[in-house]
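In the two assemblies presented below, chain A is common to both, partnered first by chain B and then by chain C.
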Partner chain A sequence: MRLAIVGAGAVGRSVAQLAGEHGHDVIGLADSTGAALGDPLDVPAALERKSETGAVGDADHDDLLGAAYDVLVEATPTTLGDAEPGFSNAVAALDRDRHVVLANKGPVAERYDEIRAATRESAGELRFEATVGGAIPAVRTVEDFGPSRVERVRGVLNGTANFVLSRMAAEGLSYDHVLAEAQELGVAEADPTFDVDGTDAALKGVIVANVLREARGEDALSLSDAEVAGIEDLPVSALSLAGDDGRTVRLIAEASPEGVRVGPRLVPENGTLAVTGTQNIVQVETAHAGRLNLSGHGAGGPETASAVLSDVGRLPPR
Partner chain B sequence: MRLAIVGAGAVGRSVAQLAGEHGHDVIGLADSTGAALGDPLDVPAALERKSETGAVGDADHDDLLGAAYDVLVEATPTTLGDAEPGFSNAVAALDRDRHVVLANKGPVAERYDEIRAATRESAGELRFEATVGGAIPAVRTVEDFGPSRVERVRGVLNGTANFVLSRMAAEGLSYDHVLAEAQELGVAEADPTFDVDGTDAALKGVIVANVLREARGEDALSLSDAEVAGIEDLPVSALSLAGDDGRTVRLIAEASPEGVRVGPRLVPENGTLAVTGTQNIVQVETAHAGRLNLSGHGAGGPETASAVLSDVGRLPPR
Partner chain C sequence: MSRQESVTTHTLRLELTDEPGELMAALEPIAEHGGNLLSVFHERGNLTPGGRIPVEVAIDCPAGRFDDVIEGLREEGVTVVAADEEYYGEAFRVLLTGHLVDTDLSATLREIERASTVSVEELSLSAPDGVEAVSSAYLRLGARSGERGAALDRVREIADAKGLTVVEPLEASS
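Right, the complex of A and B next:
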């Protein structure tokens, strides 16, 4: 397949670097300042240019959106509300009957019904495995079992919050202390708000709920429909109290056809949900096959790029 | 899709019962005595007949193999060596350009290169998710990441052996005692040899190794290539010694492009591999996405049928 990649952050760059190994050509890569095109694109040269000058190239975004790709990989940062520019980029590709693979959560969390409507009008397909749980095949597992036969999905969907909670519990250190440490380690971003306040986990929960609801003929949800609490005010004493009882605290997202809830929850200390560090876990409750547990790296450039490229691999040829 | 199901044990019956919910028609079901055909087949009536008379119907197997199905579901018992009758049933369908979905491990564990050769000659496709880890999407995850980018797969692939080991460790009871208990509960079969001697786990390991080897241009393996040890001679003292050190024992299968090893291994007591009861777990080591852990019900009629029907759902239309 010929890929055009919008977004040259960790995920976009990794997709560009790993595409060849998966048998695909990159014909364009865009960052926030412009784009680089080629047939195929010289990816190492474009990334070198970006690290030297801050820009992958001097072509226009519109040239990239109009180029001869089979698949548009949308990897710009997730935005709330109108989900732009990701939403318009995805729709532009679908309008041209091209496939779209999202790493950007916005279009499927905030405007699911609209992006699905655009997909129905298109000969292209839409995939978004990378938006939930990084490398973990969460969306595909739900799709393969059939969303109408999946009753509920629950899990740890934010690695930063999980790292903070794991360290607080293991070391008896305060939230502020551990968060500062996580920022030094590069595990938490300079502004970790969406990770620790539950927004990021809630967006992933909304995406899963939308898949479950679509199969049942229900309208899609958006972030504003989710019930969300974060971990910013969790005292370390709550973790030691939990520990005395063989439990610990995790930021758990729950998605069902009825809705989405995210918040700190008590879970058994050595139980399946108590993954440690930046790991994520997804529990899928099925009607006929019981509960499936899927865990692994929930973020990271190559990990998320692997999910994007798995999606590409499952697209029908054009 | 129109399904013909060969084998009316727990898995074949569950596929027949759940097919309609997945949007498929059953047009034939065979047991060891004969077959029932219909367009579509009245599944409840055929299963009722089987429970009353011991036979699903009085049609011939050959009528079923020659019927107008899109997909042959091969769910006869796994046999070693020539893998018959599963192998010939599958080849008969491929020769007619029909898809084949295996629940029977034999054809892909014992005669992988031959069944792959028959698939290459066919317009039909071959899938076999249900042969490894029941409901756990092990084969699909390897395929989606790309078998050439999967370095190793390790896990607990036999629920009976895992039940026995979990109970021995938890209760300090002997192997013979726990096995008898498992037989009473229906967790172990009357003849549990292949479960406790490692054969069943090794067959699953060989199947995974064959997928990894095919991607690297290596010849397939069979059971005789695997290094296999079972749990029959494991003294309960070994489990208590392990427990004193925070560890326990699990029957672990390891598959890599180099080969397959199965045997009892020490694992951390609260670690990811130490699933309890009849649970299975599969760890997939990927080149770019780290380690994925997939756990769930590794056996059972509806669980395994769900994997079969997921495979059917991913087949291209005929």
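Right, the complex of A and C next:
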């Protein structure tokens, strides 16, 4: 497959670097300022240029969107509300009957029905495994069972919040202290607001709920429909009291056809959901096959890029 | 989820002989008399002095039909050891955090207990930064079988009104 990649952050860059190993050619890469095209693109040269000058190239975004790719990989930062520019990039590719693989959560969390409508009009397909749980095959597992036979999906879907909670519990350190430590380690971003206030986990929950609802003929949800609480106000005393009774607190996202709820919850300390550090876990409850637990790395460039590239591998040839 | 007013929850302690099909035979009269089985606690391997197996069941049934259920069980030869002991079927834990002491913790607990379906069975309080700072309370609450959801709703309402945060337990299963 011939890939065009929009977004040259950790994920976009990793997709560009790992595409060859998966048997694909990269023919374009764009960042926020410009684009680099080639047939195939010299990925190392484009990335070197980006680290030296801040831009991968000086071609126009429109040239990249109009180039001869089979798959557009949309890996620009997730935005709320109108989900731009990710939404328009994806629609531009679908309008040209090309496949789209999203790493950007915005289009499927905020405008699911619209992007699905554009997909129905297109000969291209839309995949978005990388938007939920990074390397964990959450969406695919739901699809494989059939979303109408999945009753609920819940789990730990944000590694930063999980790192903070597990360190607070293990070391008895305050929220602020652990968060600063996480930032130093590169586990938390400079602005971790969406990780600790539950927004990021809620977006993932909304995406899963949309898949479950679509299979039942229900309208899609967006972030504003989710019930969201974060971990910012949790004192360390709460974690130590829970620990005295063999329990701990995790930021749990729950998605069902009825809706999405994210918040700190009491769980057994040694239970399945109490993963530690930056691990994520997705628990899928099925109608006939019981419960499945999938854990792994929920974020990171190569991890998320691997999910993008397995999506690419599942697309029909054009 | 709201149950009709006329439906009540009951618990029964039964003793069964250790024979195949015995449990099934014991449960049939419950459904026949309009009872809805909520849970069965089957202490297999734990025998009574008479060599029988104790079983505890929780049921919902229309008000006034509970006596029929017991009678139906006895007609089937099932030993009913106890019916409707004062019984809190579901213990669960919640964390409360915030200005617990400033917002009068004992009044908060009284309010929670005033909701007739909940009892506060255990409380641990941690206020490492002093009573005027943010503190945490860990509560073990009891609710009658099947009423945990309503009990949690009540705790959440009370906490919301006082600006406290509730960390709820995650249900073990749906």
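Structure notes:
Note that in this section the second predicted complex is superposed on the first by the 318 of 318 C-alpha atoms of A that agree within 3 Å, B and C clash if a C-alpha of one lies under 4 Å from a C-alpha of the other, contacts with A are read in each partner's own complex, and residues count from 1 in each chain.
Here is the rule we go by: a residue touches a chain if its C-beta (ideal position, glycine included) is under 8 Å from a C-beta of that chain, and two chains touch if they have at least 3 such contacts.
In this text the structure is predicted, and so the values were computed from the model without any measurement.
Once the two complexes are overlaid on the shared chain, A:137 sits against chain B while remaining clear of chain C.
When the two complexes are overlaid on their common chain A, residue A:306 makes contact with chain B while staying clear of chain C. When the shared chain is aligned, no partner comes close enough to touch A:32: not chain B, not chain C. Residue contacts after overlaying the shared chain place A:276 against neither chain B nor chain C. In the superposed model, A:293 makes contact with chain B only, not with chain C. Shared contact residues of chain A with chain B and chain C: 291.
Note for the complex: chain C touches chain A at residues 93-95, 97-98, 124, 126-128, 134-138, 140, 165, 167-170, 173-174. Chain A makes touch with chain C in their complex at residues 151-152, 154, 229, 233-238, 240-242, 244-245, 247, 249, 252, 263-267, 273, 285, 291. Of all residues in chain B, only 14, 18, 21-22, 134-137, 140-141, 144-146, 149, 270, 272, 286, 288-297, 300, 302-303, 305-307, 309-310, 313-314 touch chain A in the complex they form.
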